[in-house]
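There are two complexes below, and they share chain A, which is joined by chain B in the first and by chain C in the second.
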Partner chain A sequence: MYKISVEKLDDLFKKASESRTIYLPVDKENGAKFEKWSEGKKLSNALNTVRSAKDFIFPQTENLADFRISGKNIEVRDAHEELEDFVIFGMRACDARSFEILDKVFLAEPVDTYYKNRREHGVLVTIACTKPSETCFCQTFGIDPTKPEGDVSAWICDGEMYFESNTEKGKTFIESISALLEESGSEAVEKQQSETKEILAKLPLKDVKTDAFGGDKLNELFNSPKWAELSESCLGCGTCTFVCPTCQCYDIRDFDCGKEIKRFRCWDSCMYSDFTRMAHGNSRNSQLERFRQRFMHKLVYFPANNDGQFGCVGCGRCLSKCPISMNIVKVMKTLEG
Partner chain B sequence: MQSRMIERAKQLLADGTVNRVIGWKKGEFAYDITPAVFESAEEIDKDFVYDDFCGHNLSKYLIKESRKEGKLLAFLKPCDTYSFNQLIKEHRIIRENVYIIGIACDGKADAEKIKAKGISGITGISSDDDTFTVKTIYDDEKISKSEVLEERCTVCKSRKHAVYDELIGDEGEVNENSGRFDMVTKLENMTADERYTFWRNELSKCIRCNACRNVCPACSCENCVFDNPNSGIAQKSAATSFEENMFHIIRAFHVAGRCTDCGECSRVCPQNIPLHLLNRKFIKDINELYGEYQAGVEDEGRTPLTSYTKDDCEPSIVNERGCK
Partner chain C sequence: MNETLIPKIGVVTDIRIDTPDVKTFRVVTPDGKKAFEHMPGQCAMLSIPGVGEAMFSITSSPTNTEFMEFSIKKCGCLTSWLHQMEVGQQITIRGPYGNHFPVETDLKGKDLLFIAGGIGLAPLRSVINYVRDKRENYGSIQIIYGSRSKDDLVDYQEIIDEWMKDDGIEVNLTIDREQEGWDGHVGFVPNFVKEVNPDISKTVLICGPPIMIKFTLGALKELGFKETQVFTTMELRMKCGIGKCGRCNIGNKYVCKDGPVFRYDKLGELPDEY
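Right after this comes the complex of A and B.
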């Protein structure tokens, strides 16, 4: 394990940004947001960013290709080349796990080369949580926020920041800043971990269980009469899907700029009326069906196709942001109750 | 208040005046309340709640609910009744299928403002007069209610109901000096560049979740132009900054003269964009150019933007007023 004084983090960011772009959560008027580091920007103490880290590997809108027309020539510009190496410094354990879930979708055959490209350019530095919120339930999905995954795990205790690398990429990153780090024992980190675990045991959502869900529960859950009351006040907006670190549905469109076509992909939402609309029309015409799709995907279809892994990481963003406070925890409790 | 509402709801269900009740349902941590329809006294006893976190405007749900079999009891706060009247005027709610109980409101709390004070791990919130006691897994905290009111409640335009069949609680007054246009005036006094910077900074945060549109009682089109894949407008994301601005500007134009300033758009925005300021600018302009007008005071009659008079301002007013 290595450490650095928190006061010297600016030096670390300066050094690391010589070879890569550093993104870190910074405090804004309405919550923390990932921003590119530049001199003077401070790492936020917020528990989490309002938008998830998904944006880095699967941005809300992404140019896939440009087609420029001049005379009889069509010039095709490939967007793969634009990317630079980057570090996401200060992700939480929930967001780190969401990358693993997204990998299962985008890195499975046929591999999504745009996603793979971003994923390969990025190094993930995660920071352990010490003050979880009432909306946190990552424990339900087997995530340990005191030992977050990622290329490098970090802990902030008593004015020091401790690092441990988990992958080759992480090791290379630590080496690139090693001049600023000193070797250290792990006692302070272990003490913090056990203190945080005591807090985790008191969280109001600590008992949310997944036993009633999974790939083998398809018919019984799909046909549950409870979807009607659960979806009754849903506004059909896309807030839950857009703040979610694991929602992965997208749409590809061509944007006509006159003498140029921009082919872009953007997030889609199963809550929207034209989601998966095809020539014959739409397969889910009511909000009940669209609402059910979102939760069946995370709690049944995803585990059915991915060795039992659920498509939720318990980050709690949908709990804070849904305009009518309907969310996956209420859905799980109602369906199993 | 809550117990009187529950008692009355159960009476009206029992005597057959209504067969359903729309209100608010308890959540997990006191503040995460969901609008819900209750069909029995048992359901009401189990989950019905009315407290400082029941900010949702229930009027828009009545478009759908008033078309169902039987009569529905709706509990409406003063500002919700303006939306109700406006929807009646637009023939979107079937009036005879709704029984309205007007309920007094002294402002609703914004849970995000409580959290922004660094309070986390909330397990319960109790209130007495002016103070919230927030129970958390860390330390309990006391905060003054006025510090965490929703923006719209800090400039409440009326505690008087525009419509009701009966009332619970004392009827309030219209507040002519709410100060709700102060921020609009401030924006008007900016230079065009400053104002542009202000709005680009705000609107560039938009994630096109459409929550503002879907919650808005004035946005009641059966099919929104932005949901039409053939409209040539990207619906799920802004392809350019131009589109980012246009979504909100088009929406503001479309609800102009019909927006009652209920403030739901800003309450639900996950990015905290002050969308109500666009609508308030229109309201302020209508007041100045056509005479004082508050949408939703009446449920019939002509409105400034839908009736022509010779005194109407000309489009040239834009140039006459100029731009700093």
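Right after this comes the complex of A and C.
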């Protein structure tokens, strides 16, 4: 384990940014947001960013290809970006796990090369949580926020930041800043971990269980009469899908720029009425069906295809952002009860 | 790396008017070759940049070594654009996507019954011509095909000029309503299936509008067919074609990747959302 004084973090960012772009959560008017580090930007103390970290590997809008049309002829240009190496410094355990979930979608054959390209260029430095909030339920999915996953795990205690690398990539990153670090024992970290665990044991959502869900519960849950009541007030705004670190549905759209046509991939939401609409009809006509699809996907369909892993990390963003206070915890509690 | 979301260029070298709203487009690469190899039942993403991109079944047989064909019904933005194209127009093409009818496994050596309604003949035509070209591998072939009218029968010329003249192929055609110049059968496909009363040892491949498939399946069950003998092909909204964009998800399956071909009993295990 290595450590650096929190006061010297600016030096660390300066050194690290010589070889990579550093992104870190910084405090903004409406909450913490990942921004590119530049002199003067401070690491936020917020529990989490408003938007998840998925933008780094699956951006909200991404150019896939460009087309030039002349008469009857079409020319195609590959729009894969040349990426530089980057570090996401300060992700939380929940978002780190969400990358593992997105990997199962985008890195499955046939591999999504746009995603893979971003994934390979990024180093994830995660920071352990010390003040989990009342909307947190990552423990439900077996996530330990006191020992977050990622290429490097970090802890901030008593004015020091401690690092431990978990992967080769993480080791290389630590080596690149090693001149600024000093070796350290893990006592302070262990003390913090046990203190945080005491808070975790008292969280209001600590008892959310997944026992009633999984790939083998398909028909029973799909046919539950409770979906009607659960979905009744859903506005279909899609906020939950946009703040969700694991939602991965996308649209592909063309934009005519005059000179050329740009093809984009953009985040989409299964909560939207035109998501499944075709010229001949729509396979999910009601909000009930669309609402059910989102939760069935996370709690039943995804685990069915991924060895029981659920498509939720308990980050709690949908709990705090849904305008009608509906969320996956209410859905789970209602369906199991 | 296989850049599956980036399409190739295809050139439309022939356009056949099949029915008032169905045209069949012949597509090759700019250097005159097939864009890629496929198996019967697989699909391809066709696009006009700036207009749209959509999944279409490949209606030509893989045994055709020169070109691919797509029979497309005019019913939305992209298909309307495709219908007003002229020969020589370039389009974009990517694929092949999805699984295929089990022509080299489950269907081998079997007596086959093809049941199609309207444009539903398009994906089955690929299998029918594949089986015709590898005749020794299969038993008898029976085709039951129905459409709204005589004018709406897709591939009518090929049916009467080629399929009906082949030995060991029985073709039963029907149209929904009486029509001048039609002395064949009149009536809906599900009832026609019952009247034709095919041997229940046959393996069935069915495609058509959802309502036709539903009632035809009922008719087949009445006759004694089992769901395990029936294969169908599905269609849902698709964007990526590789099981990632989420649109064609039903239960834990993605129609673009795990389908579009499903054996009926397997389809029954999925939520009724198609």
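Note that the second predicted complex is superposed on the first by the 325 of 337 C-alpha atoms of A that agree within 3 Å, B and C clash if a C-alpha of one lies under 4 Å from a C-alpha of the other, contacts with A are read in each partner's own complex, and residues count from 1 in each chain.
As a convention for this text, a residue touches a chain if its C-beta (ideal position, glycine included) is under 8 Å from a C-beta of that chain, and two chains touch if they have at least 3 such contacts.
Since we're looking at a predicted model, the values are computed, not measured.
After alignment on the shared chain A, the placement of chain B and chain C results in a side-by-side fit free of clashes.
The superposition places the C-alpha centres of chain B and chain C at an angle of 90 degrees about the C-alpha centre of chain A, rounded in steps of 10. When the two complexes are overlaid on their common chain A, residue A:Asp251 makes contact with chain B and with chain C alike. Of the two partner chains, neither chain B nor chain C is touched by A:Phe86. Of the two partner chains, chain C is the only one that A:Val105 touches; chain B does not reach it. In the superposition on chain A, contact of A:Asp268 is made with both chain B and chain C. Touch criterion met: A:Glu289 reaches chain C, while chain B stays clear of it.
When the two structures are aligned on the shared chain, A:Arg277 is found in touch with chain B and with chain C.
Measuring only between alpha carbons, the smallest separation of chain B from chain C in this overlay is 7 Å.
Residues common to the contacts of chain A with chain B and with chain C across the two structures: 251, 256, 268, 277.
The touching residues of chain A, when paired with chain C in their complex, are 64-65, 67, 69, 72-76, 78, 80, 105-106, 108, 110-114, 215, 218-219, 222, 248-252, 254, 256, 261, 263, 265, 268, 270, 275-280, 283-284, 289, 293, 296-297, 300-302, 304-305.
Note for the complex: chain C touches chain A at residues 1-9, 49-53, 75-77, 79, 86, 88-92, 235-237, 239-240, 242-247, 249-252, 271, 273-274. Against chain A, the residues of chain B that register as touching in their complex are 27-29, 31-37, 56, 61, 112, 115-116, 120-123, 136-138, 207-211, 213-215, 227, 229, 232, 234-240, 267-268, 270-272. Contact residues of chain A toward chain B in the complex are 29-31, 47, 50-51, 60-61, 131-135, 199, 202-205, 229, 232-233, 235-239, 241-243, 251, 253, 255-256, 262, 264, 266-269, 272-274, 277, 319-321, 323-327, 329-330.
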